[in-house]
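When the chains are written out, they are named A, B, C and D in that same order, and each has its own residue count from 1.
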Amino acid sequence: MKSLANPSTARLLITCPDKEGIVSAVSSFLYNHGANITALDQYTTAPEGGTYFMRLEFQTPHLDISRQVLAKTFGDTVATRYGMTWQLSFASDVKKMAILVSKYDHALLELLWRWSRGGLPCQISAVVSNHDDLKGAVEAFGVPFHVVKVTQENKVEAEAQIQALLQGNDLVVLARYMQILSADFVSQWQHKIINIHHSFLPAFVGANPYQQAYDKGVKLIGATAHYVTADLDQGPIIEQDVERVSHGDNVKTLRDLGEDVERNVLARAVRWHLEDRVIVYGNKTIVFN
Amino acid sequence: MKSLANPSTARLLITCPDKEGIVSAVSSFLYNHGANITALDQYTTAPEGGTYFMRLEFQTPHLDISRQVLAKTFGDTVATRYGMTWQLSFASDVKKMAILVSKYDHALLELLWRWSRGGLPCQISAVVSNHDDLKGAVEAFGVPFHVVKVTQENKVEAEAQIQALLQGNDLVVLARYMQILSADFVSQWQHKIINIHHSFLPAFVGANPYQQAYDKGVKLIGATAHYVTADLDQGPIIEQDVERVSHGDNVKTLRDLGEDVERNVLARAVRWHLEDRVIVYGNKTIVFN
Amino acid sequence: MKSLANPSTARLLITCPDKEGIVSAVSSFLYNHGANITALDQYTTAPEGGTYFMRLEFQTPHLDISRQVLAKTFGDTVATRYGMTWQLSFASDVKKMAILVSKYDHALLELLWRWSRGGLPCQISAVVSNHDDLKGAVEAFGVPFHVVKVTQENKVEAEAQIQALLQGNDLVVLARYMQILSADFVSQWQHKIINIHHSFLPAFVGANPYQQAYDKGVKLIGATAHYVTADLDQGPIIEQDVERVSHGDNVKTLRDLGEDVERNVLARAVRWHLEDRVIVYGNKTIVFN
Amino acid sequence: MKSLANPSTARLLITCPDKEGIVSAVSSFLYNHGANITALDQYTTAPEGGTYFMRLEFQTPHLDISRQVLAKTFGDTVATRYGMTWQLSFASDVKKMAILVSKYDHALLELLWRWSRGGLPCQISAVVSNHDDLKGAVEAFGVPFHVVKVTQENKVEAEAQIQALLQGNDLVVLARYMQILSADFVSQWQHKIINIHHSFLPAFVGANPYQQAYDKGVKLIGATAHYVTADLDQGPIIEQDVERVSHGDNVKTLRDLGEDVERNVLARAVRWHLEDRVIVYGNKTIVFN
């Protein structure tokens, strides 16, 4: 389940109304075209009349048609018959990812580090920040670093500038980016922006969650990776985790502990997205991991 | 730290303004009267000008004065000098505990089971319920079971009846008791009622937290044990824990998993209270465990 | 994934050499006979030339043939073609389970309790013990309790007596049964006896693992549920878990904490077995949960 | 408990036969010299006749004597009276740490990263490796990097060379250093070398623990940080942790997951050592954290 894909791996994500025969239809289609299914996960929201989700990994060395024709044929036949929303991707088409960050470096560095060790199957095309503090750390990884200052006055222009820098990416990660993106910006990247929120949502939405957690006296603190929607801190949750704390912790030690949770949670969510393991359904996610 | 006390164990809980010399004063007082300190925990909210908390366990076989005189002398000397709020208890004075419950049995049975195996140092004097469903299960443990039906009309009388049944107890546990206690009732048991809430507070306050968790699509569910205050679901948190869930869970499986978390969290909180490990400070708790 | 099955659920477990087309063949066979696949998990030990494992859950209300004919036809066609070892079971054929126990009650009571609340899909036919201590506790659940004393002298006769009591069961659980079963006994119940071992195997095999853990100064203790083979403590592991401990724990508190781990680990392993989620392969298990 | 110390913090570690009056004697001594106790932990191996351990943190701005005189006076009076083994250290005397490493970078980089962010209270004086692969990564943190090749022939000279490089350090960390240090080397750094072992000891001692874990089919993998003794993989355990795995993992994914556990476990153990939270007693540790 957790193995990184080799270059001949393809992945098919499917969402459709649940009906009998879907597994048979999809697997027979692939078999008939020389694809070897090496992973298959499915989920349905209800035994009768539910919505059906499927993820397949298959190997492509013995395909009897080109990838393009395979995709077109699947769309014209099986997908049409079952009313599927679907997405076919190939591990050899490496995804491009950009990262937005402000001053905190922990989440950013975790991503860069894992990526540099082969743990994130993507190309990191750029890091964009509203501060220049992390320029050296980023460039040490051989990744271009861009500064786009954002103020209340220049917000529209700044976002346009960021958009220009992000063109061509498949995924944008907010690794503790402290600016709120406009609804317009977000709408152009639907389910393609992942944010790390430094609390166990829906607890402690908004600013300064570690202070809120301290004031409340909780015994666990957490972090949440989610897709960004126009509704702040409310997008579909991909992954969460927690760490035990005690009365002996103060806001600073909560933050220190929390940053470790943040970087792990974000790294997992980003990897799952890159491996096509996440399907968004309404305001929730199906994660086949 | 986790050892159950033997009958000669005494415990002293202290809250006072932080000042130099407290440890010295308390430990010298005890030493001078023949007490042997076997556990000591302390915490201060700030290095300068904070509030100081201390928990001591000591052994009493060689006390040079009676327990009563020890307490009075401590109060007149050390405690007065440092402005302490304090509480001295003896493991041989076994605490009395009552349990309120409705129809769910998991939290109740966990407590009865652990208690019957010697895991909760208390006497369980009674279980009171607004339903009679659990009568057999409770009486199998040799514990008296009382039914007090509560309706919108009889609420005042019902609470009076419950109060009468609870007299003499040191602790009341709400093991999924589905009636809201009046502010008046609660005020008579300050920091002596422990409730188990079936969510990771402050997320999902109010009714049906598992449905809320399902609708939100969280990846962990939790439970919270807290002291009951007049402010519903807002009392000082004693203990919390979580369990990992996935998109594949429905409300029923969330509840099944959650019930396991609830019973463990409640059992820990109750044991810590019985072992005098919890000090309430404002709306938070210090837990020396 | 975690939903308990309804009575119309059937489950198919398959082990065979990995080849292209298996998913297609199995799912098409089921679809063609009116079965609706509601869960499907698969795993292969290697991308090329590996061993393939599959678990399907499907619903049977609209089968076009009887269950018997479905099984026979599957065996004669798909299973034969792919060289499958397979097992087809129906949730409505409730499995029968017996429990062997000595004096410790925690693992036994956890199973009885979960079973009484509908959490274990089986019929508990009998509890057999070499002591009579737990007779009352077992009979309170309406389960027959049998005592078979075992001594060095009567071991052969005692095992024969136990075998007679166990006839007709699908699963035998050793819930801290302190007698070692003979190789002959074990061989008659291959992959049908589950034991709970009170350590994180392979650490601390043999007697008194909590003492061993204490002497070693480990910072986590664990428990392991495994199938019983003739090789003591070496059978295929089904599930494990751990709990954090510290220098402050002694052998007794390690045991208290460990018993909580044991009962949870055993309950999970037993449920997975009853839901046909476990396939044994060599000395390891595939667990589709 | 978890707060990093400020420069005026001092720490006292004590081991002695348990007797009444120790807390009183130590705390009164400190109070009388103007020290303010801000943390105090204690543990005794037995209620009667045990060995007693204590850790104090106190603040030194108002000491009435110099640090040197404080230490000497304590040694001459309280420590002598109670037969204490003790150690007094000052947070302002920053400890010096060196790291030995081979080719794996994850544990090393975690330490460098946390250190560079202020998370490890020490000076990292040098990294020594038997390979030059990590030279660039280390020097990017401004830390000197030395290569000492070790072969079967030059082992004695190589160790002498390493010893020379390590002189003056308070702690040596083996961050996946793949050479076995000689007993003679180890004896010169008693309880001052911390190793990270990539398994949950005592399971899977020796080479290739991830392969061993895979072959055994365990459901959790772990890592262990321990002090190095002449007895390979058998030194006192400081910290351990585990991560859940499944049949779907292969040796490579076990290693990937395990490396995350390794770096966290090692970072915690090193921090605790640097904060004087660890006392070795026989082959076990007392960790006041």
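In this section, a contact is a pair of C-beta atoms (placed from the backbone, for glycine too) under 8 Å apart; a residue touches a chain by one contact, two chains touch by 3 or more.
Remember, it's a predicted structure, so these values are computed and weren't measured experimentally.
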Between subunit A and subunit B the C-alpha superposition rotation, given in steps of 5 degrees, amounts to 180
Taking each chain's centre as the mean of its Cα atoms, which chain lies farthest from subunit A?
B
Counting in whole Å, what is the centre-to-centre distance of subunit A and subunit B, each centre being its mean C-alpha position?
41
Just how far, in Å, is the C-alpha centre of subunit C from the one of subunit B?
37
Residues of subunit D whose C-beta touches two or more other chains
1, 43, 246, 248
Given the complex with subunit C, which residues does subunit B contribute to the contact?
1-3, 105-106, 109, 113, 117, 119, 140, 246, 248-250, 252-253, 256-257, 260, 264
Within the complex, subunit D is touched by subunit C residues 43, 200-204, 216-220, 222, 236-242, 246-248, 283-287
Residues of subunit D touching subunit B in the complex:
1, 6, 20-21, 23-24, 27-28, 30-32, 34-44, 47, 59
